Amino acid sequence: MNTLEIKALLEAVANGNISVDEGAKELEMLPFSDLGYAVIDHHRAHRTGHPEVIYCEGKTSEQVTGIVQHMVEKGVNILATRASQDVFNAVVDQCPSARYNPLGRTITINSHDVSSSEDFVAIVAAGTSDLPVVEEAYETVMALGFRAEKIVDVGVAGIHRLFARLDTIRKAKVIIVVAGMEGALASVVGGLVDKPIIAVPTSVGYGASFGGISALLTMLNSCSSGVTVVNIDNGFGAAFAAAQIMRL
Amino acid sequence: MNTLEIKALLEAVANGNISVDEGAKELEMLPFSDLGYAVIDHHRAHRTGHPEVIYCEGKTSEQVTGIVQHMVEKGVNILATRASQDVFNAVVDQCPSARYNPLGRTITINSHDVSSSEDFVAIVAAGTSDLPVVEEAYETVMALGFRAEKIVDVGVAGIHRLFARLDTIRKAKVIIVVAGMEGALASVVGGLVDKPIIAVPTSVGYGASFGGISALLTMLNSCSSGVTVVNIDNGFGAAFAAAQIMRL
Amino acid sequence: MNTLEIKALLEAVANGNISVDEGAKELEMLPFSDLGYAVIDHHRAHRTGHPEVIYCEGKTSEQVTGIVQHMVEKGVNILATRASQDVFNAVVDQCPSARYNPLGRTITINSHDVSSSEDFVAIVAAGTSDLPVVEEAYETVMALGFRAEKIVDVGVAGIHRLFARLDTIRKAKVIIVVAGMEGALASVVGGLVDKPIIAVPTSVGYGASFGGISALLTMLNSCSSGVTVVNIDNGFGAAFAAAQIMRL
Amino acid sequence: MNTLEIKALLEAVANGNISVDEGAKELEMLPFSDLGYAVIDHHRAHRTGHPEVIYCEGKTSEQVTGIVQHMVEKGVNILATRASQDVFNAVVDQCPSARYNPLGRTITINSHDVSSSEDFVAIVAAGTSDLPVVEEAYETVMALGFRAEKIVDVGVAGIHRLFARLDTIRKAKVIIVVAGMEGALASVVGGLVDKPIIAVPTSVGYGASFGGISALLTMLNSCSSGVTVVNIDNGFGAAFAAAQIMRL
Amino acid sequence: MNTLEIKALLEAVANGNISVDEGAKELEMLPFSDLGYAVIDHHRAHRTGHPEVIYCEGKTSEQVTGIVQHMVEKGVNILATRASQDVFNAVVDQCPSARYNPLGRTITINSHDVSSSEDFVAIVAAGTSDLPVVEEAYETVMALGFRAEKIVDVGVAGIHRLFARLDTIRKAKVIIVVAGMEGALASVVGGLVDKPIIAVPTSVGYGASFGGISALLTMLNSCSSGVTVVNIDNGFGAAFAAAQIMRL
Amino acid sequence: MNTLEIKALLEAVANGNISVDEGAKELEMLPFSDLGYAVIDHHRAHRTGHPEVIYCEGKTSEQVTGIVQHMVEKGVNILATRASQDVFNAVVDQCPSARYNPLGRTITINSHDVSSSEDFVAIVAAGTSDLPVVEEAYETVMALGFRAEKIVDVGVAGIHRLFARLDTIRKAKVIIVVAGMEGALASVVGGLVDKPIIAVPTSVGYGASFGGISALLTMLNSCSSGVTVVNIDNGFGAAFAAAQIMRL
Amino acid sequence: MNTLEIKALLEAVANGNISVDEGAKELEMLPFSDLGYAVIDHHRAHRTGHPEVIYCEGKTSEQVTGIVQHMVEKGVNILATRASQDVFNAVVDQCPSARYNPLGRTITINSHDVSSSEDFVAIVAAGTSDLPVVEEAYETVMALGFRAEKIVDVGVAGIHRLFARLDTIRKAKVIIVVAGMEGALASVVGGLVDKPIIAVPTSVGYGASFGGISALLTMLNSCSSGVTVVNIDNGFGAAFAAAQIMRL
Amino acid sequence: MNTLEIKALLEAVANGNISVDEGAKELEMLPFSDLGYAVIDHHRAHRTGHPEVIYCEGKTSEQVTGIVQHMVEKGVNILATRASQDVFNAVVDQCPSARYNPLGRTITINSHDVSSSEDFVAIVAAGTSDLPVVEEAYETVMALGFRAEKIVDVGVAGIHRLFARLDTIRKAKVIIVVAGMEGALASVVGGLVDKPIIAVPTSVGYGASFGGISALLTMLNSCSSGVTVVNIDNGFGAAFAAAQIMRL
């Protein structure tokens, strides 16, 4: 395609339809706008069913609704993360079909039907306090067109609870492990399952958990090979990475 | 399979072929040895062509050659990482077919032929100082049975060098990005390519690079969605995670 | 016991009382539920007088009262930690016998009588600002069925105050030392008493106390042999560990 | 000049116009008041058009208006940074010509006309969340008498957006790069443009961004030569440094 | 006893057997020498079989042999920790019965027979690289007169290995858990066993393990109640604390 | 004196004025209460004019007024630090002569007249934002019976301002230097004056000042010999140390 | 020029000298190589007299001499930084005109004559231990074609030494301030001179200097406006930034 | 004095003894050389018996002997700190009266007789590993003309050892407390003695002592009022500060 456009231009020059000067000017602009388009292609996701993502942290309700309106007019699906109840209230006034997940603090608009594929992403979490991150990941996986299963409260302090759910976890194609405090769950799951594992440290804990640093270090140093890690509380990022694997 | 074994045992009990006491004893061992086998299955990799991995750091030449001898007798392929020249010398005395990658500090024994699959892992690195990590990752991908391509010295200070190799990178199924100093390459590649990206911070740098912490933080905070991260200088871990994705 | 159950099952299969298929199904569940039971045994504490523990931080009043109701119906004693006054108000509405320790922020329900044993846990604290942690530890020791003595405001700046209480401290079976700021008390007590010492750093202090890190490091580096440490402000954890020693 | 003054004084002593005692007194004050004057000269900026700068953080409205009144009476231009809306309200009551930039939290009084010079400072920012820092820098550059251009939302996750603005950036004399999260933009711009680059890390981000430390380290470790760095969120400092270069 | 001594002295004064001046002199010394003796009692361990402990780090061979000679003459048992081969060579020249543990870097002299008590301390370690710390703890437990069992290479990456040894671990009276890298083993053991657990983080690992900080934080934040922690690589301290519990 | 008391007691015993049992009881208390008295002597300061100090942070108004009432009845002078306006309101209701320094957040009761001694403590501060720490130090020096002079707003950015005040500073017996941000003032003063210098880092600053860590490190690393340092914002501690020197 | 090449190509197509297909192929490569050329232009510096820079850290003598040979053949001037004596020995064998600065650890080849311009960069350093960084900066400024003046050993502990050199410093166009330990020099110079100041923290110091972190934080938090900072010990980076300003 | 010199100069001008030009030249130098002289006065110590101090870290033997020669010719006493045996060997070749303290790594030349004053500085240290810092402090106090007493191995793990030496400590005018590991000794001494206390954290320890950070934080957070702190291992600095107090 890109090559086709270039050839068309060259033929126009060869045929004298455009001058050498005009051709030179157009060509100088080409590489970046072309490159830009490619980037937009996968990031802005004009492909069917992929949502635009709005990160709401530090944006006012007005800013978010402005962006939403612009996108809805273009017919794009939308996933908004880190959205407060106030932001949702403003969005739903404008766009009544918007749906809010108060725990995960996500807004979804025009989301497609839940995938009925056999393949799914398992989202495994240590404790109930990790639920906000679990829900952000869950909504993101779904908004990106895939199916997810939640397996919660299976922390290593009561490892039998994890084993009771191991069958489900092993059937997943990709596994997201969410844990705060000491974050040991990622290593244990990594030792039991032979699938890509994306670990999300959470800020759950106090004192020497240092807002998630303890869990982050645990996951980076995991003795189980093949565990990869995202930022603290970054349920969205883990789900996005999982979706990139699902898409292969 | 597991269920089949249990049923066979129960039928032996029902038929009186083995006593209740014998059956009880065997059953008590079952869950763990069975579980154990599963774990061994993917970690110790008795499946065709998968290597045993020996982490040599802090092991003496005697210890490493002892483990190697034990494994070679069992006919297993072997990948040894963080192996010094001295360790290799001891191993090759014992096992002449052993091959050493001095930059990546890896030893491979009985490794299968290089995969000729279309699919490959791209290992993209910022600078020549990152080569040890690149080579460790490269040897690991190959030892795990997959093909890898190295794209080195494409750091963001001269971004045209990255663009010149973008076509190759975009053809990869999984991308490992290796960078030290400020580690910005992962974010830039993440913005240009729509594939799973595993970032490896390296300890290359000085002063405020703090032995790789700067690059690690950069990668964890990447503004490009879907970048996952492994430990500093952990080329093996990134390659292991990439192989788990390739295997899907 | 566990073996007895397995034998009973096998005999039922041998006798044809249950089919091989039924037996296989039950057996598949056994190891984990059995293992699970053991874990529940000591964690969930069905043994007489041991409480269920609810960590209230980050749970809503509704969530806590829901858990309490479920447990009270099962006749379990309850210890709730990090409970705000609001949470207690909701709990006491539902369960009028609930008792609140506003300083220690603990709720106890159906707690047994205070132990009249000679043996006790000494809870030694540097200053009055450490009292919340002291009270959390005190309530936990009691809820776990043991006796505790509080020795407060004996910080090393006025070491005579500590000496005046040394006789009491030396009579304890286990000693919990609670201190913020520079946390030197643990080392001093460790040098004077030949008993297990569990040190709790507190977040009391300002500036370079870094929310308890200074006291934590002091205690980890104690020149007095045999001092062990728990997380910052973790009065519950210290008391739980002390109770595990008392129980021996 | 200074020497001239000293000689004049000595001649007055030599001529008996002033006594030795008077001369001694005056001389004792000379070096410091003279030195002091020089310092005041460039800091307090009595040169035409240079503003007095008031850092409002931690000052009450009364304190700020007191300083403003004192300066306005002396006819000085004023730039106040880190000014809340409340502080501005108090200032504008007293000085109706005061202008407020609510995003950049700056107040300007008696500012001269916008420079129409060809030369300008480019203020390049990664995302919209970095706008407060951009605006603080923008107002400062203008208050110091120079022209600035804002190029915002050109983060490396969509590098084509940066390329589309590269022509403008390359025309600048000095470039301020503002970025939070992983702060990679400074390195990328540094690799594309051969001008002095002053990088401002921002506290935008969460988790392992540690309030701007991640971006700060990225910029300090930049693999692009010649990038210099100021404190986190210090838009004023970057603009002041840029102005010092513009003034050469 | 102390009171008895004081009374005897007072009676001697009352009876005129000693003068007021002599009594005053003796009394002034009493509290500290008495207190001192108590401290010496448990630290210097004149009780049968308890060793003197010498921390060799930063001491020359001459200094260590000097201390050893002094103690041997007093007939005390000796445990020397962090002793290099050179230090041992010097000691064994002087004291041929000295025994060296090269892995644990301990020297023992005149150690009593290994305890044959039923009760024992379990020393559970994640990997073979943790062996130096395991051996230091093992020698210390024995030198303090108790029995220890080593359970090594049961890290959470292959959790079946831990389960295979669980019966032994559960029979212990006190459990020391030794682990580097992410240190998750302490939490997992803590969830499976209802005994006092003392966790020792080790400096095993690289990159973001930060010389043991990652394992230290993991253990401090353990979600398993009752885990207490000692300094990084402090096998001696954990064993000393375990012995204090065994002695109860 | 202490010896005198002991001798008096012994003589009372020798004379039969008190029984051996009574003497023993009193003597048992002696060493600690005696030691305690010494400690109280300088800490609680029963010497003429020395105040009791109450650290109000984390104490309720009730607690503070309770302590104040107890002390006032004993006729002691009082210095309360870190006292909020609310705490002062409660105290002044009870004790109308109480005086509040709202900037320094100190309360003084029954303070003696300001010292008219020639000797004084110079309190030198970099900026007006450091004033709360300056005032806390000022009130403390005065409450401890010494004279202090404040030299404020002499930060190194305008070093002539410091030089203009150097004569005063050089006349002081002890110098307290208070500075936030980069805290360079302590080094500069240390290079100019040959007197004991106590440096107080303050939490004034933002971004990479890390709540005072930057200034703290600057002062600890001062290239000017003889600068000693106290905790961040610890004006009281610096003044207490200065008073201990003044008292020599 | 770039445009000229494109026009030449287009004319070749218009003239039929090359086919449309050939033209398309060449053009596809163009934008990046073209962009690359621009980047090379300023980084690799084909402009008269600008050197190629080789960072030798972590490169073998063979690698460095290989790069040098390649460059010398192309007639480029060369600056090699962080070069050990061994590396220089290898280089000078191959290229006898190479010059070594053993303190600054730099190699220069074919460097042009020292600039005799009035304008110069002042390199101001606190102590003699900072000389390696001073020399690296000095050689870099000269290799980039500008003149530099060194003003060393003017640390703030003896501020009169700085004042004695102030006239020279004030005549500079750009000032590089090099300081370790507490790094206060940058703030003091910043308060005395109205020129662009680039601060280089050095790793000179011990204890709480943390390898240069203390000086780095001091400089980032400088209360003197307009100070910008580079990485610890990065004399090259500061000189490169200074040269970019000199070039304006 | 200073004023006298100025007046003398002015009178010489008034009398025509020197010309206005000569006077101006001399006066221009005056403020700095005068200021400089003052600084030199106390730092370079031309007062009787005060030594020049050479910090040898990072200086070659040649550099140190060069400085020594220059000073010896000027008849100054010398104290060299952080001097290796090699440096001393070079110095003693040149200056046979040089004396070396190998533990404290100090060289003294022409030092005056030990002070026989009643007043002394007590240097109190926790353990024998702290001796290098103790010796550096001891030599410094003596080189500065004062008397010091060493009280070593009185760490808080055996607090009776401290009490046995308390009488000596209390007689000191200034107390330096040297401690590594958890550094609790400073707080305990601070609670027992009413004298200026200067605390020196040492790098003695391992693991979480972080090279002295733990002891440093302990001392900064001391609950004993009036403890001031110097850099890690900075025995010289503590002694210099103590001498400044002794000199009052």
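Order of writing sets the chain letters: A, B, C, D, E, F, G and H. Residues in each chain are counted from 1.
Here, contacts are C-beta pairs under 8 Å (C-beta built on N, C-alpha and C of every residue); 3 or more make two chains touch, one makes a residue touch a chain.
The chain list, named the UniProt way, goes like this: A, B, C, D, E, F, G, H = Nickel pincer cofactor biosynthesis protein LarB.
Nothing here was measured: the structure is a model prediction, and the numbers come from that model.
Following the contact convention of this document, A, D is the list of chains adjacent to both chain B and chain G. Graph distance from chain D to chain E, where chains that touch are one step apart, equals 2. Each chain's centre was taken as the mean of its CA atoms, and the one lying most distant from chain A is H. A repeat of the B-G interface exists among G-H, E-F or B-D; more than half of the contact pairs are identical by residue number at G-H. By number of C-beta pairs in contact, C-H leads when C-H and A-C are compared.
Comparing mean CA positions across the assembly, the chain most remote from chain E is D. Annotation: 41 Å between the Cα-based centres of chain A and chain G. Distance between chain A and chain H, defined via averaged C-alpha coordinates, is recorded as 60 Å. Centre-to-centre spacing of chain F and chain G amounts to 50 Å, using the average Cα coordinate of each chain. Across the assembly, chain B contributes residues 32, 35, 38-39, 43, 157-159, 163, 191-192, 207-209, 213, 216, 220-221, 225, 231 that each touch 2 or more other chains.
Pairwise, the chains that touch each other are A-B, A-C, A-D, A-E, A-G, B-C, B-D, B-E, B-G, C-E, C-F, C-H, D-F, D-G, D-H, E-F, E-H, F-G, F-H, G-H. For chain B in complex with chain G, the touching residues are 128-129, 157-161, 163-164, 204, 206-209. Within the complex formed with chain H, the residues of chain F that make contact are 35, 38-39, 41-43, 53, 173, 191-192, 194-198, 216, 220-221, 225-231, 236-238, 240-241, 243-245, 248.
Of all residues in chain H, only 2-3, 6-7, 10-11, 13-14, 16, 20-21, 23-24, 27-28, 30-32 touch chain D in the complex they form.
Within the complex, the chain B residues that touch chain D are 126-127, 155-159, 181-184, 187-188, 190-192, 205, 207-210, 213-215, 217-225. By the touch rule above, chain C contacts chain A in their complex via residues 32-33, 35-36, 38-40, 43, 57-59, 63, 201, 203, 211-213, 216, 231-234.
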